[in-house]
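If you scroll down you'll find the structure; I have some questions about it.
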Amino acid sequence: MKNLLIKNGTVVTASDTQNADVYIEGEKVVAIGNDLGSRFSKKADQIIDANGCYLFPGGIDAHTHMQLPFMGTFASDTFETGTLAGLHGGTTTIIDFAFQSHGDTLNSALNAWHEMAKDKTCSDYAFHVAVTDFTETAQKEIQGLVEKQGVSSFKTFMAYKGALMLDDRQIIQLMKEVKKFGGIVTTHAENGDLVDTLIAENRAKGNLGPEFHPLSRPPIVESEATGRIIDIAHQGGHPLYIVHLTCEDALNRVRAATLRNQKVYVETCVQYLLLDDSAYLEENFGGSKYVMSPPLRKKSDQEALWKGIDQNLIEVVATDHCPFCMDQKKMGIKDFSKIPNGAPGIEHRMELMFSEGVLKKRINLNKFVDLTSTAASKIFGLYPRKGSIAVGGDADIVIFDPKVKHTISAATHHMNCDYSAYEGWQVTGKCRTTILRGQVVIDQGKALIGKGYGKYIPRTKPGVANV
Amino acid sequence: MKNLLIKNGTVVTASDTQNADVYIEGEKVVAIGNDLGSRFSKKADQIIDANGCYLFPGGIDAHTHMQLPFMGTFASDTFETGTLAGLHGGTTTIIDFAFQSHGDTLNSALNAWHEMAKDKTCSDYAFHVAVTDFTETAQKEIQGLVEKQGVSSFKTFMAYKGALMLDDRQIIQLMKEVKKFGGIVTTHAENGDLVDTLIAENRAKGNLGPEFHPLSRPPIVESEATGRIIDIAHQGGHPLYIVHLTCEDALNRVRAATLRNQKVYVETCVQYLLLDDSAYLEENFGGSKYVMSPPLRKKSDQEALWKGIDQNLIEVVATDHCPFCMDQKKMGIKDFSKIPNGAPGIEHRMELMFSEGVLKKRINLNKFVDLTSTAASKIFGLYPRKGSIAVGGDADIVIFDPKVKHTISAATHHMNCDYSAYEGWQVTGKCRTTILRGQVVIDQGKALIGKGYGKYIPRTKPGVANV
Amino acid sequence: MKNLLIKNGTVVTASDTQNADVYIEGEKVVAIGNDLGSRFSKKADQIIDANGCYLFPGGIDAHTHMQLPFMGTFASDTFETGTLAGLHGGTTTIIDFAFQSHGDTLNSALNAWHEMAKDKTCSDYAFHVAVTDFTETAQKEIQGLVEKQGVSSFKTFMAYKGALMLDDRQIIQLMKEVKKFGGIVTTHAENGDLVDTLIAENRAKGNLGPEFHPLSRPPIVESEATGRIIDIAHQGGHPLYIVHLTCEDALNRVRAATLRNQKVYVETCVQYLLLDDSAYLEENFGGSKYVMSPPLRKKSDQEALWKGIDQNLIEVVATDHCPFCMDQKKMGIKDFSKIPNGAPGIEHRMELMFSEGVLKKRINLNKFVDLTSTAASKIFGLYPRKGSIAVGGDADIVIFDPKVKHTISAATHHMNCDYSAYEGWQVTGKCRTTILRGQVVIDQGKALIGKGYGKYIPRTKPGVANV
Amino acid sequence: MKNLLIKNGTVVTASDTQNADVYIEGEKVVAIGNDLGSRFSKKADQIIDANGCYLFPGGIDAHTHMQLPFMGTFASDTFETGTLAGLHGGTTTIIDFAFQSHGDTLNSALNAWHEMAKDKTCSDYAFHVAVTDFTETAQKEIQGLVEKQGVSSFKTFMAYKGALMLDDRQIIQLMKEVKKFGGIVTTHAENGDLVDTLIAENRAKGNLGPEFHPLSRPPIVESEATGRIIDIAHQGGHPLYIVHLTCEDALNRVRAATLRNQKVYVETCVQYLLLDDSAYLEENFGGSKYVMSPPLRKKSDQEALWKGIDQNLIEVVATDHCPFCMDQKKMGIKDFSKIPNGAPGIEHRMELMFSEGVLKKRINLNKFVDLTSTAASKIFGLYPRKGSIAVGGDADIVIFDPKVKHTISAATHHMNCDYSAYEGWQVTGKCRTTILRGQVVIDQGKALIGKGYGKYIPRTKPGVANV
């Protein structure tokens, strides 16, 4: 067992900011303190000087789709390439989604995803299960998944009718079953019927370019579904987590629900905070890069989301990382509805949130940590193993240099995608070193581990940090 | 300089829960880690075994009124007795209020309160200044108070017309001036005219008992003023902190303001979470014990407040500690409007929040710490010196035994008040040892320091934990 | 052509209250004035003295189901019996629903209902078409129905999945088509999936009595669907009419929609204003009498509905008249979900609204007229022929004696139903004489016409009273 | 007594539109019917052919200020000139305001205004009393004013501190007293303290032109006060009428109050529906023409107001007619806060509402009548004498030619004001003939009566049209 001392950094957690050294034995944090090198009777095997740097908990991206089979192709990042890119950007754990196929069991989905991830993944990982066919068999599987497989969250889709969408009845049944065992249901909230109608309308009019993607999924598509699922959860007294909430109108459904004493967990994604729908006008089919669902919104929606964070109503910032290369995007060159939905994002989430969030004083350091790591770890049952820099927890640490300026580009990023949604963006602050379970995995842009280093992290029930 | 090691406890912060030792040098926390006793090259002067106990950050009560001159008498706790009682209950810092007198300066108010507190106070302390007459002179004092006197928050009253109340114009002027220097205005939100009208109506009808106190200050009295001050803050883009919010209707004004992207800081008090207005029916003038403003509300309001906490919209739980003995209460035996408003509370805030909050699963341990200490320290500029157990911060620590059962009673409490609002309540969990700046000040119910141990803590600007 | 003079009455319209005579030639009102008998050069063939009475426009019941095939049986009132009962109670026009069968056209539905009604109906009548299968064929029929068949409103169900329910996509398509031709879509707003789930839950628990009917359709079932359909209408800019809104929570969705500048037409029914869910506890399966959907609600919901009327947000009071005799109700004696949904109501709507509404000062006379007749006539395109007492309009007049007290009972009512939901209610005010198109059809409880007197009234587009 | 027959017109009331003749005896309408000329045994003394014209009830302007002493000058229209202009534009009755002076009684105010109006006024008139000093004496006067003087509404100001403004306590006391006798309180809702602060801020910055008037009274100034007075009325269960509501944010306070089952009466003015704040940028001090309080708002606010009308939440459209000539306006040439607040409007209210409202399909004919006449007559106790064309009511009728196009200009208008807020506006539809109490007072632009023709109309209690 190797001992590692990180000295002279500023340790940041979701609540605290301390100038302190961190001492690590093997995979675990053992002590946080002043001048530990000189005080400790036993010396470290390795010492890293983090002078001038922040030490952040390794990022947790609660929403990724590595090599997802979708819309006739596959997301272009494998568990290997995607998680390695994540490590470069300070994300040490992902929670990916195992998708049930119609007619198949939830366990077979989980097994299939385990198969894809095993021996390949570079960061640590866990799975949500996406339920697309809530059969009696599926119902019986819930308990085992929560209690034995480390899967305590289940995703539902209110859109993609005929493919991923569950109807209200199935969602209610699922919520009831999941609640029995202490898990949580998460929801992609878009009204599938409304989407299908608007796509058909646009196509009928010959509106086929990527700029019609957002017009086929306007805010009310999302806010209606958001309001509906909040109502459904309220009726049954179920916990609820909304994935990738994008706009003021949908956020206002969450806010309105507070008036009847309801609590809803909300995730947004970094792109909804930073990009807007003018991107769809990019020339030469460039708008296709931003085709994702829900789509990018207006600048005013961005401001509402930042305010929702400030109001403590949005607790998690993820990516919905689901990249497709331009060749794949071109499947929809004649019809926006055929463009694979998704974009790359995992690598720059933390740097962007620091540069655009912390440095622009929209969030403070502790909120940055909470949004990018701690909150997700608690909501999804990774805590106390993951999600903080705390004694006894995994030594997943990002040594972050807040002064380094660099430029985002597909030419230099590590994601397997031939474009970046942030091409040319200048950011300040960089992940200098990434440590995962006590091991330096990335240093100065160089990977020090290979595929398969990442471990599957079975999750406990949400909210475990209680008595 | 003495070194203290607290071992085997569970260190709880607003974000983390760690089984760890805490090592203290002099007044400061130096390290948090596993098995520090055996690892450290230099040994501690004193070792406390906290096995089976939580280590909480010392409590911060952001709302107290020691020996306040009010309604023709004085609050019965002095800075000595009140803060010693606080230490018994784990509160290591108070923020009291220096009240401006009409025609007088803010500095003279602050000086008068310093005079009262100096060499008397047992816990650490800071001051808000309560502005009751916002003159041009007062306006000029704001900068100095914020930048030189360590006072970064200013209280306003929307009730007590002719005494404490400012009109809207004065509040707006104050908000503008305070904002210039990075401070924050806090508000007692009740519509004074409506209160005066309802008191007069009740008196005119011969409704003179304490049970008419809450009927003279119904929820709309508070919610109107809450809505108004939120509007005023919104108009000017000012930060706002609502003190002692009590009811669902007022909370819903805060919630509604989220819909327009406004952020409001909200404090409630432990009594509003735990007591209800049936208390006013206590026989033999017993209802007078609970005469405070705003008054106790309905059980449904309690539930709304707990939900407001769960929704992260209520961030601070204080006490509005302002005790009067029964002899003082009897000033209003023939007229409820003459009963001195206020009740004791500082001693049991943390134990009650643990027993009723944590053990009843309304909040988790981290939220408990945030509500009772961390949030107030950040909002009011005591952080990072106070409000957490973190390397470099003051070693203000409560060793809390979660299993000890005890009964609250005026017969045993340390507050200078001949009744308790919680008489006979059985609670589980007790402050075994209180440490203030590295010094054990209370141990097993015994005080180990005398008056004057407490220090004045000048405050910085709110939200200082940023970059 | 016969001339009729009604003298000495008080003519009430939705805006005016005038002591005036009414002069009728044939089917039409020709003059309203003082002392017309003595002024007119030509005398009347028949003179009715209405001294002490109000003259109200004949009632329009915008929501009835005569002899509806439903849940394995038929509503017990035929077009003959039901409309005759309506005439006894002052309702001179009904708008019934022609239900499309799956796989069938809208026109065949309309034809089938015409077949049922023709030569049988006593009052005048019109039809909504209830769309249960919005096929391409159905889509093509809309224009003809609006423009040639006099059907300008189309009903949709959000509940009764697998039978009557349309999914959101179909509703949207229907709304688009109907809007093209100036019609309006009306909606039964209950979330079918939620209903089905709750019924199944109750049945699974052995909760089989009628008292579990309301528990299977709690307010959120209705308010969710109400909110959803309002969102959908808002998205497309479609007009929307909510049928039989029952509760505060659903009404609040309409109220909330006003905040985004949306207008929604709302109908409630007399039973939701006057009866509450304690009725389901009636012994000996008596609760089954009140099994209708949505179910009866709380007293607080009644108050909200009356306030919604006062706020001008609820514009129409109908009945959803759909009676089943106790033998029919007993189809569900072992399972509440098998009880035919519906109750009798057409006969007493106006008397109840007068006695409970006008006399209890919840509404004034003009609002009474608007709610029971004028608003529906305008919204549904019967105006100016129906819905008022105005020169040039049909002489559909109720001579209403406001002082007569009587008792409602199944023993004396004219509806073909062996119970009354208002059995034993004492009401003040009675329809003394009912005149339909200038013909006295009911006088002092005696019918003066036979079946087939009623005419089909093709409707124009809604809101026709414009320039 | 002279008899008048108006034939061949289309009689429009708040509920009905009828092709009918109107027969008038003396001051009263006697009959409405088809072809009355040939039917009546007795012939008319005068016959007017209204072919192609609408017959509207004479307009009621519920908010005028003739020759008001204000801001150091007097409104430039006297009771003579202003009401004659009103008659030209179809307004046959005004409700003006008698302003209490500080230290004076309400009766002396009323008497003073009677003195001004008597023998001068051309149209009929009534008075609200504006209470600016709610003393005990004033309190005792309320009953007599309501019951003997025909004054059943009392206005309060929440702005103009030190001059017209009452504090909340006085408003509450007034509301209580007025309610006892069945009257209603009306409110000018602007937060006076906020206004004064913003004026002072602008002046301090040297912002002295008229364009800073609206910036000193932004929507939140109005919406806060609107919300507050709604809260106060709700607390006491008092009826409330908001005068000249101007903007979406204030309207949304009314809409939000519907959610708690509260009813509020709302008036807007024609200028808020048609003009926007770009007018303040008019060159050469032209912006001063539009200096009124509250100020003109954004186009989006106009749309919200039209929608508020459509939602039946705004019931009255008045003018707040209070003209000042440009010489008077120039009192504020160096300081916008010295510009007399007010503008001319009475003459074109009805023509503008027809041309911009009815012809642009924002309202229908019946709503037009309700907004301009009927609703005010009912709310303020003029009904059934005024506010409709109904048998027994005053024969106040406008013969309105909907096809005539004309241009509004100060050069041609009859108001004593040297500018028009609508200079150069082309409108379609003109008051051809105005009849007041059976007498043609204006015909084809020519006045047929002189000053003093108008009568004082004592008002009854609001809502008198009930049983």
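Each chain gets a letter, A, B, C and D, in the order it is written, and its residues are counted from 1.
As a convention for this text, a residue touches a chain if its C-beta (ideal position, glycine included) is under 8 Å from a C-beta of that chain, and two chains touch if they have at least 3 such contacts.
Only a predicted model underlies this, so the values are computations on that prediction, with no experimental measurement involved.
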Subunit D and subunit B - chains in contact with each: none
Per Cα centroids, the chain farthest from subunit C: B
Geometric centre distance via CA averages, subunit D-subunit A, whole Å: 58
Rounded Å distance, subunit A centre to subunit C centre (Cα mean): 52
Intercentroid distance (Cα basis), subunit D paired with subunit C, Å: 38
Two or more partner chains touched - positions in subunit B: 256
Chain pairs in mutual contact under the definition given at the outset: A-B, A-C, B-D, C-D
Sites on subunit C touched by subunit D in the complex: 11, 13-20, 23, 30-34, 36, 39-42, 248, 252, 255-256, 258-259, 261-263, 303-304, 307-308, 310-313, 315, 358-359, 361, 364-366, 370, 374, 384, 388, 390-393, 402, 463, 465-467
Touching residues (chain side subunit C, partner subunit A) in the complex: 161, 167-169, 172-173, 191, 193-194, 196-197, 218, 220-221, 223-224, 227-228, 231-232, 234-235, 256
